[in-house]
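Before anything else, here is the set of structures, which you'll find just below.
In the two complexes that follow, chain A is the common piece, with chain B as its partner first and chain C second.
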Partner chain A sequence: MADPELSVTTAQMGKDLAHDVGSTGEQVRRTGRLALYTRRFLRRPSAVAGVVVLALLVLFALFGDSLTRWGYDEPDFLSLASPPSGEHLFGTTQGGSDVFALVVRGLGRSLMIGILSSLAITLVAAVVGTAVAFFEGWVEKVGMWILDMLLVIPSFLLIAMIVRSSSGTSGWLWLTLGITAFGWVGYARVLRTLTLSLRELDYVHAARFMGVRSFTIIWRHLIPNLGSVLIIQTVLGVVTAVNSETALSFLGLGIKAPDTSLGTILQMGQGVVQTSPWVLLAPAVALILLTLSVQLIGDGLRDAIDPHSRSGGKA
Partner chain B sequence: MVRFLVRRLANYVVLLFVAVSFTYFVASYFMDPRSNYLSRHPIPPKASIDLSLTAANINDEDPLLGRYWRWLTNIVLHWNWGLSPDQDPVGAAVSGRIGASLQLVTLATILSIVVGVAIGVFTAIRQYRWQDRVLGGLATFFLVIPTAVLALFVVLGAIWINKGLGFRLFYVTGLHSYEGSQFGPWLLDFLQHLVLPTIVLTIISAVTYHLTQRTYLLDTMNADYVRTARAKGLPLNKAIRKHALRTSLIPTAVNVAFSIASVFTGAVITESVFAINGLGRYFVTTIQQNDINGAVCIAAFAGACTLAGALLADVVVAWLDPRVRLS
Partner chain C sequence: MTDQILTTTGDHPDGTPPEGLVLPAGAGRLTPATEPVLSVRDLHVSFASEAGTVRAVRGVSFDLLPARTLGIVGESGSGKSVTSLSIMGLLDQNARVEGSIRLKGTELLGKTELEMSKHRGNDMAMVFQDPLSALTPVFSIGDQLAEALDLHQDLTRKQVRDRSVELLDLVGIPNPAERLKSFPHQFSGGMRQRVMIAIAIANDPDVIIADEPTTALDVTIQAQVLEVLKKAQRETGAAVVMITHDLGVVAGVADDVLVMYAGRPVEQAPVDELFARPAMPYTMGLLGAVPRPDRGENRRLVPIQGNPPSLVDLPVGCPFADRCPLVEDRCRTAEPPLAPVPGRVDQRAACVRVDEIVAEGLTFEDVYPVGEAAESGLDGVPREEREVVLEVTDLKKHFPLTKGGFLRRRAGTVKAVDGVTFDVRAGETLALVGESGSGKTTTLLEIMRLQAPQGGTVAVLGKNLAELARPERAALRRELQIVFQDPQSSMDPRLPVYDILAEPLKVHGWSRARTNERISELMRLVGLNPDHVDRFPTQFSGGQRQRIAIARALAVGPRLVVLDEPVSALDVSIQAGVINLLEDLQAQLGVAFLFVAHDLSVIRHISSRTAVMYLGQVVEQGDTEAVFTAPRHPYTQALLSAVPLPDPQLERQRRRVVLQGDLPSPAQEIVGCRFASRCPVRAALPADRRTLCDTVQPGLATGAVPGTDHGAACHYPLTSSAAEDVRVPSRA
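Take a look at the complex of A and B:
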């Protein structure tokens, strides 16, 4: 839905630009918005490094299991708690599971949970946040009160309560749902504040007086206007979601065996930190690479997209 | 001022009541104490399961509203927060662990505020110089690293140092192991236990204070009134200290007030890595044992802390910021 909107505005911008240029009589090659963003993004070495590392991690999660003979759920009973070797690249756990296979599987899980719940959180937060601001009056008052109410209890506690009841192979879906269900509230408040000025825009008023349905206005005018904020938030939200997934699984409240995630492997490693630290190292490094690369991409995107950004020279 | 605070307080009490009731319903819906018994071998007879569940007021076959009413009246009339599935009172369990949590987080909170704000001011004054870039890079790293990973690396490092030294300098579990009654050895022992978790907690929250304080100070450093002060001849350092820094500390003070809640519940991971018997660890236990009353009690305590922090933030803003009018 948002894409045609964006392209329409781009085209409009282009026309305006062409008009301005024509009036001053200069010939300038027009830079498209996307090209501009890309150029600004690529100017930051850290952002490019983030993209490269993330791409490698995704490839590793997708195709890593063909690099080892062992599956994450088939223990090698002949080498229990053995250090890294040619047979087991990252060593094995106490139960004989291959840490390499576990990390491949766990990284995939963490990525899935992180990306899905971040997308869902942004969607819910955008709809609720803009709607609360758009309807004004008592809807806004009641809505804000409910949002405040949901923020009173730390969301981590609420998430832990509802994912506890889920286990088995569909546990990760429950976890995604749980992180989404109580993760959107803070974002919705921020987006509501941003919408306060958007709802006074002329074309929003015009649409309202023309009798366009409220949700159409929200979907077509308000949410696309928050586009850059939402994109940045989705990317940085992945870090938050991965962190809460790791925390919950590490405490034994999230993903449980037979399924695995990076937090679950960390928990396995915690008990044997003195005797076989390699169980801990591989998932820890994977987690650091994952969160750091996403954060660097997010920072780069913020500087590239944010119209208020003063990061980077001309264009 | 008093009227403003009373109005806020009344609103917060209503918020807390609704939020805790909401939590009670969520917990009752999703947590399943009956499964504790069904996983035993042999499975106890249904009548005896029902009996002990009903005694703790968590039987899922009783109507939810009735359970809620009994739970609520017990709290309001007798300040009795109910029983765990093992028939232990949860109120006593929670209040007994507040002390451990407090011992763990007090030092870390103070340190993180001091260190974080200091680094924030330091880097803001040196914006885009190498000190700012290095510290900013480090801050990004520590901002995103999962607490569990950080804590486990600290444990690994401490074990490595202990091995290198040949004696035990750092303890990686618990808060106390000294059993005598002298103060000197007791304090030394306590500090040996406290150092590692304090490092973890301090790093995590100092990073946030660093980044926010840097932003706030940069915002005010370019404000007109600071430029005026400079134009009147004030040295840069003095202009920053007397004019820019003061205003930029207001939002930080608000953050500090809000951090009260995380003082108690933010240490869940740290407590479980370092085996410290505080509220966070107790919360994990309640969830694992399907202890509805215990989990809700901790949530209520955390909610009360959040709102106490919010109230404190209101006071701090009204007191520090002359632009805020209470009426």
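Take a look at the complex of A and C:
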């Protein structure tokens, strides 16, 4: 369950936290942390490509509908299952829906669900994971027990049941909620492990000995210092969330008509792949571009933030 | 230029090997000498970094003669370790190395990895700082020794085994034949460092590079390991490069010393010469800034002002100019070369004013202005009349030792703290001394938790912690604050200094306006510019960060500050400033310090009372002067005799009580005196008197010396005349 991308070892964490050993003097010429990360990020061409592709996809999802006069929910009954043409850029489905309009709408939905649930997962996982580690003692024992229990719940099935009982229009919100509700457990465990080394750092001890309240310590000291891990996790979490949304929708358990998402269109397309392959092709390409670009950005971020990576340049 | 190696020598009519370094052709009488085994010329090393190119080493040259020891001294970032790594060819890919390194006439720079590995471990070997990570945990000691031998020699299994046993025996590991099968985790830190030395000398190297070999070890173990290193050198006839920041260690082992600053050698001399008559202001400052364990008089320490320059953009001229009290305009125009000091044999210094310094015989006292200590309001008040700030009685903290994965069962008890008693009174400093594992830090954390202890009582300002209600406990936090060892990790790197200092104030409900005022007051109090509160901790140097940590501890006006090794992470020249600050703050504010340290010289300087801990117990307690000049417990005596002195002549004269063995595991059940297994006094006793040591645990008996509360937990305490014999010698 633990994401392999999160293999930031505790040793690395420690070094990352107690970074910059050789800093000297006040008059030192300092590169800001953000500027530094940006520079290291930009050294990776693949990461830059990821940003460009993702930006194009987001723009496409936001403003794509003005490039066609067809709405995703108004079928053109005069051209059913027609191949790509000037009128329908990506062709139409069996029912006459414009694939271009569908992909625009579906991409927007998938992105929305992916980003929202990834953010929510990170937030919940960060709070629970750090709190469980910070309080030690019986809180940690009970907390870990609950987390372990949650891991064995058949989440896919439960999400399907939740979404099934919802209406077509609010379905995507329920889906987001469902993905979040069962997605944070694994991350929380990873973050707990990282916090185990963080809680032994002197500034956490210092805050405790000063009498700072526990939740203030978690909010002010622990979570911000997991920052780099949280950022990477959120970005890569988008891929995971989009994938599970697509999978659910593909099986007919996620987004339902009249709403649409990439998974729903893919499901439509797989039945007619012999006769009108364009219905499958367009959403598939969009999905691949989306996950690939996010993955590239995630890799770039990890290398930019990780002090041990090869983004250091040459003398 | 280096084809013809010549040496300058002093007077050696009998033709003994010359004292001192071999220098490239220079002033003095020139005689052909023994060929140097290692000769480094104009070594330059630079690294790529985000801020620009770091010029870590800039022009190091030296020659190393067989069987001699060169000490390279310098503060962190001075380039001493980089020098050693570039000799071994162990630098990172992003480093650029220029110059020349010749081992027995063979140029090492430019060799491939494969060619280098024929030299490494064979004719040159390295002993690393951290013995914990230098050995592979999954192979036995025997395997690792065999690996070192097999790589460079063609031996049969039996030969390898015999040689391994011989090597382990040489470095003083008991039962070497059986220990070959042991794994690194079954050895203590000191023992592992011995194994490292055994591996280093396995193939009879010509050069041994020791990079801070004893920094991670306790003083008594350090003394043992340095002995082993000397013995290893005698056996192999190897030349040793000893890299260290500890001037005491250099004084004890080196024949010649190279002082480095900002990547450059700034002074080079035979050890006696360097310590007696340093010619470069930096060396003088370094020697003057160290507190001396052998001097009782409360001389104020003199810090070197400022911080070392950044190696990324070095200033034009002498890199030390900004911190040098003798600075002149010409210092800032060009960097002075390392030139022979006129009138001195074999001494070279990089300073434009060296002529004046030598001619006028300037010493540390002339060069560095000595500051005035602040007056304390409590000076005249005798100790008995002062308020008791902290009273710890019979404190116990035991940890259960569990075994098994699923069903945990108790396998034993670690008695981390077992009956510690002491008190701290207003305005005084009590030092807790002891080696690692003695329970100092556990004691501190038990006090800082402000919870009822497992055993015994802790009372802060007369309030027993066991009887406190929650609000009272919260209020008591204001009276008790802590400063940690490492200023890197004791402050949240993501908060600006203002927020760091505001944190304790916020907890105790200070208003925004008062907080603001208090923070600028605090910054001034610890000698920092109040305008810098918007900066992040990483923008300050180590010493400044420790000042911020002290300011944070003092923010709410505590009566007692607990200091956990507050200066041990700092360089000597910076350390002096922080010690002075602590002394001044105590005098001004009347705050009491509970000072935990392993560095006895710092303790002698700063504390008024000392408690020596061994295996979770206080074995000796009393006035610092009394404990240092007339130790009554044999452990205290051994501890004092193990401290290296920054004075080569005293180092040679003194007699050491070198303790046998290591600290027993705190999980071990010990009946009787806990020190008995290592005690030199017990070892000298007749068998019938030993029984007492082995069966009865001695209590801390005070009142043996009339009129004082100096006490030792020993059945046969040392009399002051016996203590006289081996105590830290001092120059009359």
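Just so we're on the same page, the second predicted complex is superposed on the first by the 277 of 315 C-alpha atoms of A that agree within 3 Å, B and C clash if a C-alpha of one lies under 4 Å from a C-alpha of the other, contacts with A are read in each partner's own complex, and residues count from 1 in each chain.
What we mean here is this: a residue touches a chain if its C-beta (ideal position, glycine included) is under 8 Å from a C-beta of that chain, and two chains touch if they have at least 3 such contacts.
Computed from a predicted structure; not experimentally measured.
After overlaying the two complexes on the shared chain, residue contacts for A:69 are found with neither chain B nor chain C.
By the touch criterion defined above, A:148 lies against chain B but remains apart from chain C after alignment on the C-alpha atoms of chain A. In the superposition on chain A, contact of A:295 is made with chain B only, not with chain C. Touch criterion met: A:269 reaches chain B, while chain C stays clear of it. Once chain A of one complex is fitted onto chain A of the other, the partner contacts of A:243 are limited to chain B, with no touch recorded for chain C. In the superposition on chain A, A:251 contacts chain B only, with no contact to chain C. Chain A residues in contact with chain B (one complex) as well as with chain C (other complex) do not exist. Residues 15-16, 18-20, 22-23, 26-27, 30-32, 140-141, 143-149, 152-153, 155-156, 159, 261-262, 265, 268-269, 272-273, 283-284, 287-288, 290, 295, 298-299, 302-303, 306-307 of chain B are the ones that touch chain A when the two sit in their complex. Put simply, chain A touches chain B in their complex at residues 145, 148-154, 156-158, 160-162, 164-165, 239, 242-243, 246-247, 250-253, 263, 266, 269-270, 273-274, 277, 280, 284, 287-288, 291-292, 294-296, 299. Contacts from chain A toward chain C in the complex involve residues 17-26, 28-31, 36, 39-40, 201-203, 205-207, 209-213, 220-221, 224-225, 227, 312-315. Taken in their complex, chain C has these residues touching chain A: 46-51, 53-54, 76-77, 94-96, 306-313, 448, 474, 477-478, 480-482, 484-486, 488-495, 503-504, 507-508, 529, 532, 535, 538-541, 544, 552.
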